[in-house]
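Every chain is named by a letter (A, B, C, D, E, F, G and H) in the order it is written, and numbering of its residues begins at 1.
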Amino acid sequence: MNDELMIAGKAYQSRLLVGTGKYKDFKETRAAIDASGAQIVTVAIRRTNIGQTAGEPSLLEYLPPEEFTYLPNTAGCYSADDAVRTLRLARELLDGHKLVKLEVLGDPKTLYPNVIETIAAAKTLVKDGFDVMVYTSDDPIIAKQLEDIGCCAVMPLASLIGSGMGILNPWNLQIIIENAKIPVLVDAGIGSAADAAVAMELGCDGVLMNTAIAAARDPVMMAGAMKKAIEAGRESFLAGRMPKKLYSASPSSPTSGLITAA
Amino acid sequence: MNDELMIAGKAYQSRLLVGTGKYKDFKETRAAIDASGAQIVTVAIRRTNIGQTAGEPSLLEYLPPEEFTYLPNTAGCYSADDAVRTLRLARELLDGHKLVKLEVLGDPKTLYPNVIETIAAAKTLVKDGFDVMVYTSDDPIIAKQLEDIGCCAVMPLASLIGSGMGILNPWNLQIIIENAKIPVLVDAGIGSAADAAVAMELGCDGVLMNTAIAAARDPVMMAGAMKKAIEAGRESFLAGRMPKKLYSASPSSPTSGLITAA
Amino acid sequence: MNDELMIAGKAYQSRLLVGTGKYKDFKETRAAIDASGAQIVTVAIRRTNIGQTAGEPSLLEYLPPEEFTYLPNTAGCYSADDAVRTLRLARELLDGHKLVKLEVLGDPKTLYPNVIETIAAAKTLVKDGFDVMVYTSDDPIIAKQLEDIGCCAVMPLASLIGSGMGILNPWNLQIIIENAKIPVLVDAGIGSAADAAVAMELGCDGVLMNTAIAAARDPVMMAGAMKKAIEAGRESFLAGRMPKKLYSASPSSPTSGLITAA
Amino acid sequence: MNDELMIAGKAYQSRLLVGTGKYKDFKETRAAIDASGAQIVTVAIRRTNIGQTAGEPSLLEYLPPEEFTYLPNTAGCYSADDAVRTLRLARELLDGHKLVKLEVLGDPKTLYPNVIETIAAAKTLVKDGFDVMVYTSDDPIIAKQLEDIGCCAVMPLASLIGSGMGILNPWNLQIIIENAKIPVLVDAGIGSAADAAVAMELGCDGVLMNTAIAAARDPVMMAGAMKKAIEAGRESFLAGRMPKKLYSASPSSPTSGLITAA
Amino acid sequence: MNIFINGNLKQLESENVTISALIVALNLTGKRLAIEKNGEIVPRSQFDSVNICDGDKLEIVSAVGGG
Amino acid sequence: MNIFINGNLKQLESENVTISALIVALNLTGKRLAIEKNGEIVPRSQFDSVNICDGDKLEIVSAVGGG
Amino acid sequence: MNIFINGNLKQLESENVTISALIVALNLTGKRLAIEKNGEIVPRSQFDSVNICDGDKLEIVSAVGGG
Amino acid sequence: MNIFINGNLKQLESENVTISALIVALNLTGKRLAIEKNGEIVPRSQFDSVNICDGDKLEIVSAVGGG
């Protein structure tokens, strides 16, 4: 089945995007990402650790930019300015790389997005030529505004970052999906494979997660589970589920020809 | 990963059991079952259509008993006697085949199990040498009694047969799973791939479904989705999900080294 | 509004039935029951404490049988015989009192009902002339059988006794209510006033609770809250709620005459 | 119990605020509002129907401003300017009345709030001396910003206006309530009395509704149910509910002294 | 002269009409109203003094049932 | 003689004790009780007439708080 | 003679018909069947030896799609 | 001279140091970096030509694991 995810004009076979944080070491990071089948991986931009011993391994050696599409994020930014500044550095760092994940947070306790600052940053970044995948709340109006600004993908939360609470408000996501002409990816809040399947069955184009894999007892096995869950949910969505009804019209076995009728 | 499902002393690689009813034709039945990867398929026992043109194809030609483990059911039976009589005929029909699915229904409107008659039938069948996989309600006490009677697997409902409502009471299923020393399979009520993943994440040993596949817009694609969902849910259960918390303790990206600290 | 609850031919104005256990002292018990407005109160039958100082106060002095309808229960009974024996003693104790609450438990860990033993006890008690209000699971078939046996009220659980988990499976309760010609009361599992309102909105005829009141920080205030919640839920059910729809057809304010149209 | 709702320095005994739209006639409007016990009623501002027969009754004759606190709203406004203009007219209309309900909608299909325009309007209105009760989404960051701007109450939605879907995301409401130092009222989406009780048990200071009452089969009876539900939910919140646990530690009746121990 | 009331064209015979006079003419005496003239609110206290001129745009609003 | 009350052995000096007498002896006068003797309920009306014999098993119960 | 097959009356010319013969006559040769005669299962091994008599009630069943 | 690197004061003996030289001095040769000087990004192509002056504020960043 040819069912690719198009983001900023590029086609991806995997609808699972993963973060690279919170792993035991780079070896586990790589093993989990391989198991996940993800083609797009998020990275954070941080001050280089000055005075570190030369030759100390770096993330990029384990995840060569030739093999993966990097998605630099603005994690930890609480203002539009910081986010824009961070992504400009990321673009320089990654040789003009344009695809970025914008997130501007509202407070350090909930990590809930600040949609006002997010919109301001999105306008600047789009004008500046970035392909912006934007993390936001499940507010359908804000999601539409971000699309109108020119973001290449809108990424509403399922629940708070790192909470693993799953999809708290599927109805808002449904409205966002119905109204969007750009890809809608669920970002943040997924806690288990079933959560990922639910998101895809709602009609999401993809899911971005990190903690659900990295904080599992066995991250590599969970990464494989997530790969299958995303595919299962997607195919279930495309296959068209049976209708729900409190009472079934008909059992699965014939109601005629029962010997009990004798 | 070697993670087999043991039922009545036999090992199965697939944890998805499927029904064979409600398909357009036998060709679709076979295609869907192949896509599902199921090794155990349920069949109903019905009066032979007398006067049918010879050579008319039969289910068994499309699903040779050499390739699949048949699970004759008692669909449509409302008393222990009818169920026992039906399965004795099934055993004769299938050359002494001992593995059966017992279900005794309470009324034709809800198709909810009659646990009293189910227990009576289970006692007779076990004494009579059958390997009984028993469909029942999500009553943990009844489930335990059926195990004590000697059933080889207990199969509580997720919701009403053919309803596609998914798992209505995960808490009862959890109790049943905690208490059971025999395989627990969710039978009836699964409506989508996500439902199947949820069931497996609860710790079920397997899932039996029919309508969710046969009544999908594209049954073959849905069958493939179910295969992946069952595996995803199982691996997610084994991998050990992250803890849920309303507030996240920590974001996925480092909180230090932010340029914004400049 | 004249909307009485009829049980065994007697009319009650209150649809809230309460237990008398787990209170700090008899004074609090009485204060909470007065605040609840309950007319039917459950009591347990236990061995008299021999050698207790004479004149030590007893429950009956705080809740005179002339003011309240006693509902002796069979809490702690795990067999039909024990339950029947307990209620015969209760009848003698209460001068031939016929209205009783039958509950036969399945195990001490979950306190889930044993419906097989419950049915056996119900048959004996009804034959013996008792008016049986029967605690049971949310199995619609069992509920119907208990009605057919001649119980005067069927009382399915919302969730496990003392769990406060609220209504875990409203769909089963709905089926029970639709099929029943006798009063259906939710018994066990209610944790808060909202839970009680939900139960009544489903169409239950009443609710029986104990822990939700007795284990609240302020039992007397919670008892008053429960009284209002039961009445609110009942009147909401009778008033006929608005239809649910994901999108609203119409706002609450006129869409014409807006100055913004200027 | 003295438990008043303070809004803009004025104390109210009722925590239920109601709209005045969608009723059969003014007589029913008044009867329902009386039954609800509401002290604050919302009204819309619309172009006067020119050429209407003189003496035609008006809402104000049925709900004299001396008896009720009017809360003029901006229903139907899709921009900050329209909302501000509407409320300035309302202030003039109501002799300098300062308490208003600000709502700026995002689109006519979902009636979801436009939080960007809402914030802009709130700033202008607060500067202009209005006491602003503001309708918003369940975005905790936006809710906090509206509080910081100086609104006197923040009113997040439970679900879409007129949908009757109840509280779709109690977790967000919980965060808003925890962070707020001003009253938090749930506005929009309440469909039944149980929904109202759930909102109050979450710790909301009040609930504003219209359709749930006006569109009930019997609006006056539903209004009374809502009054009780609000009080029940409030008292349940104050009384402190019992803890939830899947398994109960203890039954409600004594576990010792059972005759069955004989 | 021609004025606009609530978006509709309205012809008035006489010139130099006050708001108060207009209210009477419109049969709205005693109604609780707020009035905007060319985008500016006219305080009720000035209804007698403020004149309406040709081409004025008036908004006349009242409170109605709403939620 | 020796009897069992609520599962516990109890010694009584005198023979031929009625239930009523026992209740007094047990300091339970005036309490609302139901009594089972060797598995059979003894109606309150018979408390004066029914005698207790050596080895009898008695259950004496009352109503307590419960849910 | 008259027999009942799956609840329907069926007339057979010849007497002394074996189950096997009946299967041929019913055009069911080669089908996988199980047969109950007057409530008793007839093992396939006995299809050749067991005769059908007037008034016998037969149930002939096979496996069909079901869930 | 004194400069600030990632918020920390750093003393350099020699004057007229290029970015490239600094990278060597900081033992960061071969690392994938992006550098901001006094709030302005310095393109990698200009690392050899751009000099650092006393009081300059440098941000040196790289990509790390994040979600």
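Please note the rule applied: a contact is a pair of C-beta atoms (placed from the backbone, for glycine too) under 8 Å apart; a residue touches a chain by one contact, two chains touch by 3 or more.
Not measured: the values here are computed from a predicted model.
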item	value
Chain whose Cα centroid lies at the greatest distance from that of chain D	G
Repeat of interface B-H, chosen from A-G, C-F or A-H - more than half of residue-number contact pairs shared	A-G
Distance from chain F to chain D - Cα centre to Cα centre, in angstrom	63
Distance between chain centroids, defined by C-alpha means - chain F, chain G (Å)	70
Distance between the centres, which are taken as Cα means, of chain G and chain E, whole angstrom	96
Chain D-chain H separation of Cα centroids, rounded to whole Å	57
Chain B, residues touching no fewer than two other chains	19, 21-22, 44-47, 73, 75, 85, 89, 110, 165, 171, 175, 210-211, 214, 246, 251-254, 257, 259
Interface hub residues of chain G, defined as touching at least two other chains	6-7, 36, 59, 61, 64-67
Pairs of chains, among all present, that meet the touch criterion	A-B, A-C, A-D, A-G, A-H, B-C, B-D, B-G, B-H, C-D, C-E, C-F, D-E, D-F
Chain B residues touching chain G - in the complex, by the definition given at the top	18-23, 26, 29, 42-48, 50-54, 58-60, 70, 72-73, 75, 85, 88-90, 92-94, 209-211, 214
For the chain D and chain F complex, residues of the former touching the latter	251-254, 257, 259, 261-262
Chain D-facing residues of chain C, complex	1, 19, 21-22, 44-47, 49, 73, 75-79, 82, 85-86, 89, 109-111, 160-165, 191-194, 196-198, 200-201, 210-212, 214-219, 221-222, 224-229, 231-236, 238-260
Residues of chain E defined as touching chain D within the complex	5-8, 26-29, 31-34, 36, 41, 43-44, 59-67
Contacting residues of chain C [partner chain A, same complex]	171, 174-175, 246
